[in-house]
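By written order: A, B, C and D. Residues from 1 in each chain.
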Amino acid sequence: MKNYRTKIISNQEISPGYFRMKVLAPGFDEKAHPGQFVMFRVQRSLPPLLRRPFGIFRTGFLPADCDGLPPIEFVEIVYKVVGRGTSIMAELHEGDRVEVLGPLGNGFDCTSRQGEKILVGGGIGLVPLYMLASELVANGCKVRLLMGGRTRDDIFAVTEFERLGVETYISTDDGSLGEEGLVTRVLERKLQKYPDAEVFSCGPLPMLNAVHNICLTYKTPLQVSLEESMACGVGACLGCVVKGAGHTEENPSYLCTCTVGPVFKSQYLDWSSLQQTDNNCGGCA
Amino acid sequence: MKNYRTKIISNQEISPGYFRMKVLAPGFDEKAHPGQFVMFRVQRSLPPLLRRPFGIFRTGFLPADCDGLPPIEFVEIVYKVVGRGTSIMAELHEGDRVEVLGPLGNGFDCTSRQGEKILVGGGIGLVPLYMLASELVANGCKVRLLMGGRTRDDIFAVTEFERLGVETYISTDDGSLGEEGLVTRVLERKLQKYPDAEVFSCGPLPMLNAVHNICLTYKTPLQVSLEESMACGVGACLGCVVKGAGHTEENPSYLCTCTVGPVFKSQYLDWSSLQQTDNNCGGCA
Amino acid sequence: MKAVTETSVKRPDLSVEIAGIKLRNPVMPASGTFGYGEEYAPFLDLEKIGAIVTKGLSLKPKAGNPTPRIAETISGMLNAIGLQNVGIDAFIKHKMPFLRTVNTPIIANFFGNTLEEYGEVAKRLNDIPELAAAELNISCPNVKQGGIVFGTDPRAASEVVALVRKHLQKPLIVKLTPNVTDITVVARAVEEAGADAIACINTITGMSVDIHTRKPRLANRTGGLSGPAIRPIAVRMVHQVVQTVSVPVIGIGGIMRPMDALEFLIVGATAVQVGTANFVDPAAMMTIIEGIEAFCIEEGIDDIHQLIGSLKF
Amino acid sequence: MKAVTETSVKRPDLSVEIAGIKLRNPVMPASGTFGYGEEYAPFLDLEKIGAIVTKGLSLKPKAGNPTPRIAETISGMLNAIGLQNVGIDAFIKHKMPFLRTVNTPIIANFFGNTLEEYGEVAKRLNDIPELAAAELNISCPNVKQGGIVFGTDPRAASEVVALVRKHLQKPLIVKLTPNVTDITVVARAVEEAGADAIACINTITGMSVDIHTRKPRLANRTGGLSGPAIRPIAVRMVHQVVQTVSVPVIGIGGIMRPMDALEFLIVGATAVQVGTANFVDPAAMMTIIEGIEAFCIEEGIDDIHQLIGSLKF
């Protein structure tokens, strides 16, 4: 991990309110794992004061600008405009200077090659699933992606997932794209069909909570990517903790989302406290 | 006076570090007097928090965008980039939204039509002298402008002054344009020649102070435009005061630069306190 | 801001009562940032704001401090005006004639250099029938007690409030300084001494240095910090005071936008004062009032009292 | 920042001494913003900063507060971590092995929930030979005395410092809270009780409310405000403390840029701590050190002591 003082390669709106940004980041690709994130510094001047965390959508290479130069290595994020920081980001252009700290955190464990892999993403929660899907496909796994959103605007990158060889299932609350209804209903159907599946999920907390409950019922292993307010991203401020399984007042267990997470195996989390948390962060990690 | 929530018409660098900005301001022209200023709000978001004061360079009209529409009325300022606010201003473009409060303050008294009019401007202190010169010329007065600067970069708008029919005399500290030396030396020569002149001056405090002393010697009436840190510009915060002539600890006289000034007749000021003031504001009003 | 048309939505009732004065809405200027009202008349309709609060008045005219008196800091400003004001006589003679014509409650902010002077000013304020209330600034050094600020000592605060209360025949708002260990102690003391309402906070003492000249950026060395930078501290203190006293509280500190004012109302302020924001936007109070109204409509609130103190835990 | 080449200019001597410890330069992290040092090792050379200051340690591990624990405010942030830490045993076992390998003075920040606990931690710190000094955080509620914060009461502050002084065989830095009426009173009390140096300021208590949920943005309701917003207040307090005590003072509060650190040095701080800025830029301290050096060169200063306390009036 490193603080890249770097430049924007491109920044485009891909769906109303959703943007993709490629940032120049030599050496990033070989260090990044699926599910990791970066801390993004919007601009040198205030506000905002703090960096903003964003999941890594993917890393990659663009052709060199000129023969003889190495290819251009980038890290790509996808973000939703929700507040002050992301609004400023939406105004940035190619060539603007930014700082990206990463790759950070513990990503998905994709070592198990057995069984079906079911990925469940809600809205901006699709972000970390792309790198995950490509790694799982590379590992020879069969990958199904259940994409959920409020409306069709919340569904993006479908073709890219499909190009990886992933089977995609779309559902939206208003039926404006794919099936009408919650993505969790699709999950139940899939788990009935593939009882030995492994589930990976990222999305708003109520969705994750429903996914967790379904996986409990079907005794399916689950990894989730969580979101907490973060100041440092490197385990120094202790601002981003979640309660671990078995947390009690007397024997507390607080886990840093930024270093132990953002991806957790669901059995290690204290789901009752997560349900209460008023984490109105909107999106996901 | 009014707060114009308006747009930039143009913003150009006219000399290294000096910019001219035209801002759309219907109704401004008929209200503005030479020597008045505006409070400029750089942007809606912080920083900077406070508005910045700028002298009015001129007001005017551009041809309408389309037949049948009224001509485009503007107020024009000239500013020097010295800190955070002016740096942000230098990055603004045509069409950017800004807020301009004005016209504010008491300008020059140009009612006297007698005698030669000698204007002494140092650096950015030339700004308020343009409207003054054009009013004096309109009044039928003979106007001479002594322009001083550190280098030739500090001299601007020469042709525009000359087009008014003003005789200009340039001096720079390094001799890179016009005569080498201080503008005050030129002033002395002129006063010897025109003993019944009236002097108007704006520029850095050491210059104003020298001008004041020379005018004392020659018993020449003098009006100066001063600069103080300002928060409100309308006489409400009392942040911008200068000591009036006759100020004592027991019987203090503090005058608001923003409402009583920025132009003062020199005999009403307490010059001894002005000399001490550490007003490193660089420019002028 | 959504346009509110009479026909489409019922306008929420924004009126509140502070110390027995009825205000059409809870937004008024903070003392010292609005001159004597007239300065801002060209920029906003003085009959649309909740009240007008004057610059702090003293018995005799006061000259204030040498310049520079103001300096900008990150998201804030420091001021050391030194309470320059025209004095109570000139206020009555030169400022009241205009204020009298404005159909909005007038609140005179005032202070003294000694305990006695506070009492004297209070008496003189009784002579102004059009004055709706007086706001007592206790953030002033007690000249007799070695310059310790009245408002930082609960005993001195109580004493000055009691004396003023005795002399003043108008509703009394007491404005607290934030430069204290425990603002609830002072709040309780001034409530017991007779305050009809409490305003908080005044500025927080700060300092800034020009690294090139190595001089303080204010001639007075230190000054009062105001503006958005202090808002979280002000919200905390208003929250604490609201939990402590039963008189109404006026929230002050860094209010720039409607949402800032709403924060104070939600923690329990009955009204708010807008200070530094007036300098940034002379019509800031109008925007804030309209924004509060729009918020009420969006949230289905028909009386601002449903919002005041509605903090959830 | 100008590049400084050995051949062209003599590098100014930036070294300072605090409580008997020699620091290569006056810049160190503020407790709680730099973890236990190791977290930031990937981003800057720990052997280039003046010292390493640890997260606050207590006798037993401490879990801290529920989330949300942090919220951003204008030019600042609120935190209510609740002093989560691994406890002194785990610190020795798991954190010291790394710190031992770093050739930079290590300062352990610590606190207790009771007076006795403060004493106990102090004793345990003696067991760590590699520890250069200890920094006592007295901004903690005194559980026995109804939760009043030690550092807001000069008597309690004096008591806890005296006790720690008795048990601790290391240089003692005492870190003050700004949430007091008069910081000079507490500064004098802790100096008399045996502090070898004073660090100030800790965070200022603040609060922020989400107007839509109407809940405080921190689960703990209030939290500590840090970052640039508080800098003018911190500079003022450091100025006051420097005028009051004769032990060295470490300036803290909102230092983001070299010029911010210089402000504190000019008013008389012998060293500075950088807190929130580490989150914004993990290499912030390097930029600050380089900037101080460049400033000294520009101003013809060959020893940083020519700068410290060079405030002019």
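In this text, a contact is a pair of C-beta atoms (placed from the backbone, for glycine too) under 8 Å apart; a residue touches a chain by one contact, two chains touch by 3 or more.
What you see is a predicted model, and the numbers here were worked out from it, not measured in a lab.
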Shortest walk length in steps over touching chains, chain B through to chain C: 1
Taking each chain's C-alpha mean as its centre, the one farthest from chain A: B
Separation of chain A from chain C, taking each centre as the mean of its C-alpha atoms, in whole Å: 47
Cα-centroid distance, chain A relative to chain B, in whole angstrom: 56
Geometric centre distance via CA averages, chain D-chain A, whole Å: 35
Multi-partner residues of chain C (at least 2 other chains): 74-76, 213, 215, 228
Set of chain A residues in contact with two or more other chains: 46-47
Chain B residues touching chain A - in the complex, by the definition given at the top: 45-47
Contacting residues of chain D [partner chain A, same complex]: 32-35, 39-40, 42-43, 55, 63-64, 66-72, 74-77, 79, 81, 84, 210, 213, 215, 219, 227-228, 276, 278-283
Contact set on chain C toward chain D in their complex: 73-76, 78, 152, 179-182, 204-209, 211, 213-216, 221-222, 225, 228-233, 235-236, 239, 254, 259, 262-263, 266-267, 295, 310-313
Residues on chain B engaged by chain C in the complex (per definition of touch): 1-3, 41, 46-51, 99, 101, 228-242, 252-254, 273, 277-280
